[in-house]
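In the part that follows, the structures are each spelled out as structure tokens.
The following pair of complexes shares a single chain, chain A, combined with chain B in the former and chain C in the latter.
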Partner chain A sequence: MTTDPRTPTAPTYAPDGFWDEMFEAPGRVRPHYADLARRLATLAAPDVAKRQRAAELSFQAQGITFSVNQDPGGPEKTMPFDLVPRIVRADEWARIERGLEQRVRVLNLFLHDIYHEQRILRTNLIPAELVLGARGYRREFRDVDVPLGVYTHVVGSDLVRDGQGTWYVLEDNLRVPSGVSYVVENRRVLKRVWPQIFADYRVRPVEGYPQDLLDVLRAVAPGSDDPTVVLLTPGVQNSAFFEHAFLAKSMGIDLVQGSDLFVDDAAVYMRTTRGRRRVDVIYRRVDDDFLDPLAFRADSLLGVPGLLATSRMNRVTLANAIGTGVADDKAIYAYVPTLIKYYLGEDELLPNVKTYVADDPSERAYILEHIAELVVKSVNESGGYGMLIGPHAPAADLEEYRARVLQNPRGYIAQPTLALSRHPTWSVDHLEGRHIDLRPFILYGRDVKVTPGGLTRVALRSGSLVVNSSQGGGAKDTWVLESDAC
Partner chain B sequence: MEHRTQLAYSADIVESVMDARLGPRSDEHQRWIAFELRVEPAASVRRYNDGFGNAAYLITVARPHHEVDVVMRGQIETTLTDPFQPPRARPTALGPGDTADFLTPSPLVPSALELVTTAGPFRDQPAFDAVQSLMHLVHERFEYRPDVTNVETSVTEVLSHASGVCQDFAHVLIGLCRAIGIPSRYVSGYIVAGADPDAPKRGADASHAWVEAFTATHGWRGFDPTNDLMASEHHVKMAVGRDYHDVPPTRGTFRGVAEETLAVAVTARPVATTSSSGR
Partner chain C sequence: MLSRVADDVYWVGRYVERGIAVSRLVDVTRHLELDAGTEDFWAPLVGAIDLAGDDVRFYLTSDTMNPDSLVSCVRLARTLARGIREAISSEMWEELNTLYGSLAIPTTTSRQVRGEAVSFARLVRERLQSFQGLAESTLARDEPWHFLELGKYVERADDVARVLNRQSHLLAAGTRDEDPTGPDVVRWLAVLRTCGSAEAYARYYSLRVEPARLLEFLLLNPIFPQSVRFSLASACAALDAVAGLRSAAGNGAGPAVRTLGWARAQVELTAIDEVFERGLEGFLTNIQLLIAQASDELSATYLRDQPVPGRLVGVERATMLMAAQQQQQQ
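Up next is the complex of A and B:
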């Protein structure tokens, strides 16, 4: 018996009419992928499988796991990692970077405005009810002057490419975006399993992220020259607990739970073995609802009583600030190009995906009529929950979403089903095209800084468009090149 | 005016954190001449403004203690002798923020079909008259009973009981006003009755609650459905919000294992009355 040492770049690989990140046509590799393709061609399938196992063991050894959010009893998983990296050209990244910076600056101007003068709501550019009626809008946080005017210190926006290779922003995550620990860890593991391949390219480092985050958090401290920064986690049951622990450790700051903190004399203190210690900045990974039982949900055991009042007095800084969820509401997302024009007088550098807001009667009619072609999303959900992919959905699901949209129009938007770009992805013993997206992380303190890279998420099921880790998605390392000279 | 809140605990506790909205809030119809807040045992008392423009206080006691005694003393001048008289200058329209706050459902005043059907017939009246009609209606249909509701009772439950206290009466009237597009908000405050035989009586020995509705003719004016009266110089405001949930006079937490008992005492008396012709 002979084994067939098929090479990963078998000529059977086909882009199938999608935008393929690596191949411009069957057998024709894009120039910036040429070195990678050459390396892959020399590898035998068993060798790739061996490295794949080594990578998985490495993630397990580090405890890099997540638990699936809506399945509390569910098992801890490691996020499936695909060894074939995604490569982004330097010039392409420069455009993405400028577009994200523009977007994050505008979203912060918008947040400041709607929590202060509300200038934009006196125009007819965006319906006031849409903004002020958003679930993420917190009246309790009106008229607070946050340090440096920054509400969103950490943003994770999701980018996709369509069949023509055009980049779009699919959504913004402005509350407690997660996934950056995978960016750093995927790189560490990939460098170890593919040392030669990594050495072929000049890839911009992502390892500086924790230090950059710490710099941002220190920059927004209220007053202190040597601020104490902590990371507030909901605890080990949280799906992203690994990331909380990872970031706290990497930044050299304390990882705390609500019960470790208390408010006295309009200041937040941390219990330590040597008594109380004043806390200046809280990088909180707890949602607004659970942050302060005196102000929000009274039954929350995850928060700190008096935190809202203390932050209103600017005696502690929360990152991200309270009430940022209004700006990543998916119905308000539809207006981001309008906001860019209004606040900066500019056109958007990164386009939005065409979005139909069900709250608008004519757009609602369009959604109901074309539901089988559209992706319908709940405005406040993330993680691939509360979502319908029309072309892949059975008739009963279409009917259910039609009813949901009719019953709660403010709760839904719809977008055309995008032919997301694909990337060669290792499947058992060869490469297959799988749909991907990209979540870059944007830090905002004194300046906006986009980490060069991000989490490329892969829909591992053939044909699937859902990349979320909670829905069977995996991840790839994302290489942003230093320059395109080669 | 004196408002005393006494919290007693069956065992020592630590880290009391209390958020208090006991005034002062001044506006065109009332002015706080004096205000003080005293807390026993020694406590930190820090003032801030909340998101509704109310003065709020964050009171903390970190050390072990078994009681917290908060006393507010204030002296207030009120000037609204004729609440039916429109203001001289036409009120400026509400901005989008206030409109959204006071026209859309809030945690304790969710939308309910019954509110819409009850208020519907009053939609065509001038708004100021409609609110008065609705106030009479609430006063007549609902029975004042202190034992059927609590501070977290929402308007839907109040409708089913058809009874409650001033807070519940206020929530129902707010819901009715909002149902026909009249912005309305919850007022937490006091009634100062004194010896005046015409003064409202209900709510005079405790903190009280009523409703402010905004109309194009009169601006914000107070409507007290518990007493079936327009708010006037007998009413003193502490704070306003969408509903009770935004403005409880005190709300707090502590750390420890103990039973908490709460006692509230309000005393208010008129100091002097200036004749209305003097102004």
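Up next is the complex of A and C:
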């Protein structure tokens, strides 16, 4: 497909030397985007604006919003949604899927190991203090046998592509990853406001996610044939509250808060209008720190006293398990290829981004010397916080991060600044290239299942590399094709 | 159903119904003012609060500091609904959410400022009634529905009793007056309209406004949905439904069942002449107190799961009384 896509909708579009998902060269559309490009060409700017507005209103009416700050009466914003979908070829997706499955299996083997025999710590492959000293490591959870050996029932890994189009894993989110509700809702809304564009493609559905999740949660119940599963939310002020409500409703389970649950005689119960009811599985969207005031933060108002002890006895299953944060620590991330080799004897199918761990003296020296070229990240932060993008940062920030790294080397890693791939994105009345990433969701119960697609986040500000919604990012629908025949 | 969720559903039901009642009150008072505009009809609506005229109208419709104002009812209902979206239908949630969103739109606000409080109130009322209609057609008849109904009818019984109580001096005086004067008729009609009942009353009594009939209609009519009796009967039915489920699970149904049933018996088994014999104001106050007590009791049992087993309290108390009496006899 080499027809000229320089249409009224994209008169000035240029890949600018980045890997562009849609254009392989100025004016040359990649074959799997050809039909979409034709559709875009038929569209006048007011028409796009109208659909864009319809999508916005739909999100607003459904209350698919997040609180911008902690102010209860404060404004609620929708995540900006871009109408132009991102398309992933079937063969490409198959490779991603295998790579993610390998990664999730290994991370669970790693978690099992470090909470049991700690074999890997007796090798010289990874410094023991890096693991045992990680903020996410929970001694309290040692020697607990979790059902099916699964620690991370829900994983959201962030993938990016560089200037050559190579896929990389940028980070793993193994604690309480969010965003999957947008995967489902973005698809629904796009179908509603622009059904025509689906006509040319066979896109793999994402509707099945809640059912798949429920299957996983039921599979890890301790003993019961007909387990009671609940979703534990921090509450309405949480920025992902919409997602918690969405998932609970889709799965037909109760959405509970800490105060709805209590522990009695080594079992967890919820307070209902008919009296107490035993709970078997808790899909918790509350961080470890706040889960149980008796075990972790004593000032937590969101947790359930006695929950840790009950889950240690395997009288209730927590998903994800306690203590998974150690495996998505950004310093330990650097060792994932080593872990794959150690536990499976395989090479990694999806590569890591080159990572310098500040805890290592020689790598620290490199970071300090090259800080202006690197992205420096705090090992435990997420959401685009605690991060420095060297090439875009003023001198004062560089100095500040140099000082931070020196003061707390264990707390920081650095990576080369990636030329993230770009995607045509609607900007007022024409398409412009914007940097994107991809967060697929991986479920792990009896086996591993990757939801076809994921959340494509897009940095809406021109030139920006930060895709997080808290930092001005938006989202696109992500299409995984049924086959590449077309 | 989670107790917290049931609690919030119950209060969504109450705030929505309260919003409708406040909206009617604003609407009717405005008409009253236009019909017989020689006195300030607004000031008595807020009782002890020292406000008059437009200030009262603002206080009732748009004052965010007044927890019972129209905008507060919408905000409170929507805030609660947001936390319990899994218990109500998406249509219901979107109705409240878009209504709440429209309150923040400048054109709506400026209409309020320009004194169009009445059309604003009517607009909000229609949306709240639409919410109730959506509940009726989209909710399965299980616990969330029953708690929503419970909230709606407890609130309605209380609202109507309060409106009648506010006018009770007038009504009681009117019964002794064979030929009510013009302004009083207007006022009684206003009472009927405030309770959304003027047309139905007309069908029953051909709009001959007589205080005793009016009271009988609003208080004791068994089949008109705005009457106190109908509301309490519906509230009792909803409470019986959830009490049955709780009992079936082996837990006590709590004292609210009896308290609410007692309130219901008052309006079911009393004739209008007996009401006047016993004193209208006292009768209405007693109903309101019973409703408030039942609401507290059902909160304790169902909504906070602090079981106060009604029968046990009864037996324990009787035992204590008996013990005390026996001591006296020694």
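Criterion: the second predicted complex is superposed on the first by the 469 of 486 C-alpha atoms of A that agree within 3 Å, B and C clash if a C-alpha of one lies under 4 Å from a C-alpha of the other, contacts with A are read in each partner's own complex, and residues count from 1 in each chain.
As a convention for this text, a contact is a pair of C-beta atoms (placed from the backbone, for glycine too) under 8 Å apart; a residue touches a chain by one contact, two chains touch by 3 or more.
Bear in mind the structure is a predicted one, so any value in this text is a computation, not a measurement.
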Chain B versus chain C on the shared chain A, clash or fit?
fit
One more residue to check, A:212. First (chain B), second (chain C), both or neither?
neither
One more residue to check, A:113. First (chain B), second (chain C), both or neither?
neither
Check the residue A:249 against both partner chains and state whether it touches chain B (first), chain C (second), both, or neither.
second
One more residue to check, A:56. First (chain B), second (chain C), both or neither?
neither
Going by the contact rule set out at the top, does A:35 touch chain B (first), chain C (second), both, or neither?
neither
Given the touch rule stated above, what does A:432 touch, chain B (first), chain C (second), both, or neither?
neither
Min C-alpha distance chain B to chain C after superposition on A, in Å, is 9
Quick one: in the complex, what on chain A touches chain B?
118, 121-122, 128-129, 132-133, 138-143, 262-266, 293-295, 305-306, 309-310, 312-313
Contact set on chain B toward chain A in their complex
15, 17, 19, 44, 46, 48-52, 56, 58, 60, 62, 95-97, 99-101, 104, 242, 251-253, 255
Which residues, counting only chain A, touch chain C once they are in their complex?
60-63, 235-236, 241, 245, 248-249, 254-257, 259-260, 270-276
Given the complex with chain A, which residues does chain C contribute to the contact?
1-6, 79, 82-86, 90, 93-94, 97-98, 101, 143, 147, 242, 245-246, 248-251, 302-305, 307
